[in-house]
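In order of appearance the chains are A, B and C, and numbering begins at 1 in each one.
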């Protein structure tokens, strides 16, 4: 059983993040909230999303699993205005999921979840971490976009840097001082990442969100941030590109 | 002879409605106003438009016919700002129609009307009718759009409903109470219509317009609404899709 | 040596004008400012741009030449907000040009200028000249766009006219009285020009800019206007289309 109400902006924010990675998802539901763990088809990135019951306007659920097609959920979100409340309900007898927005009712088949495996979230200890507004990363991505398919993240005891090298062009964004919230870096580390994955995620995070970036040399980067006023938490891993030369 | 001035917004509103159905049109002109009757090439929908002389800022005409290509009239409308007055004149000697907007003059060949027949407006008595803001229908269409090519309109003594059924998805909008201006329905009626025709018309109607929907089971729907502050009147018929199963 | 700072809006305005004609450009640099002379690949139009040192927030240069790819400069401009200052510097040792906007650094290879010739600016005495807001020309272009590939400019002792003739459609914009700032025309002159060149230039000029149009019959049109608060000056020549019939 699952029945809940959520602000349209909150649901939109959550769907935008997850759908950068995957379309069909499985939510593990408990009376305390919802959890989602997913990897993209190419196994380059992984997302773990925990949504507490307090992220909802109302929430009532027993333990269950719900499979949804996020592309369809997006069409529902387009029907909602900024202040709207979206009511959601699982219709177990018909295998359907029902959204209600004002006088609109929109129902869709649940997605079969039996074939969806639960990815294991890696336990990584990364030596460097930095906290910044996501806006800074978004700015660095814009600078990198026309130059290369990869972006380098570097953490140094004195600064955090995004950079990009092409054959004839370079771009970099150096964060230090007031541009960065906190920086704990024992010694310089650096890894290279696919720009498209990094960009799709970072652009989907609402402006003004604080993000913690955990980094090491030639390791996945771990990014942690909150949504829904802190009642939802996202952990995102992105595999590095190991240069073999 | 035809010579008139009209507010750009008013002309834009009229052209938007008619051009959902047909591009080349014939206006029957009299000293009292203009009339247009047209069916689309597939004979699925019909429009009857009556524009009284009072819809114009100035109006002077003898009885005549004028054929226009609405695609070209739209390019003229793009030259006008919101407060602009558009002067229109028929140049009978050259077979041209002339628009003037400020210091711009734009003239175009009249379209040959001799081959355009006058469709007969059907005289239908439909058992149910409902009046609502077109905004409600626009909302229902947005909900239906990704689901099916058809939309069902249902009038019940207690409510008016738009709904759409796909293989895996449903959507519906139920209007009752304050969402509806008036509702006269002896007993439930329902018909199915092509979503594209219904959508193109309803989306072209300015937000805030009241529309009367006349409905019966497996009959065309008749929609009546005013434009130009009520000085122009539109009657639109759309044929049902009869399900043969 | 070249090192300067400029407001992002100013640089954007200059690049927008030049890039209507050509992508790879050569700037001749002196301690007093920068000059650019360029023709388009088809030799239909020529631009001469003089940017005085006062157009910059700071300016320090010795005599040199710098070759830039304006398409790349445009990607840099997208990284700057309206109030941003863009720092520019030539790195002679690496053959690079470096832009800095806040904490972003963006560098690119200089373009080889040795093969770029210096076009000779024609010395023309054209009998008619008219000064107007570029907004009027922009309006005339919008009216002409769907009608023909050419636009006619006519200067008469009493008015200045843009017009366009198609097979079935005409458009014209007649400027007289308060629509025109000054008009010195001994006798009527008229020439026909390619609409795309004329349109690309005129649309790139900021609204509110005064432009002087110098015209004669079957001669190039010369257009002169200022940018960067008058600290930059543009002279643009466009060859006429000579009708041979």
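Everything that follows uses one rule, which is that a residue touches a chain if its C-beta (ideal position, glycine included) is under 8 Å from a C-beta of that chain, and two chains touch if they have at least 3 such contacts.
What you see is a predicted model, and the numbers here were worked out from it, not measured in a lab.
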item	value
Copy-to-copy rotation for chain B and chain C - C-alpha atoms, rounded to a multiple of 5°	120
Chain B against chain A, contact positions shared by both copies (same if over half, else different)	different
Mean-CA-position distance for chain B and chain A (Å)	45
Per-residue overlap in chain A, given as positions that touch at least 2 other chains	none
Touching residues on chain A, where the partner in the complex is chain C	136, 139-140, 142-143, 145-146, 168-175, 179
Chain A-facing residues of chain C, complex	72, 75, 78-79, 103-109
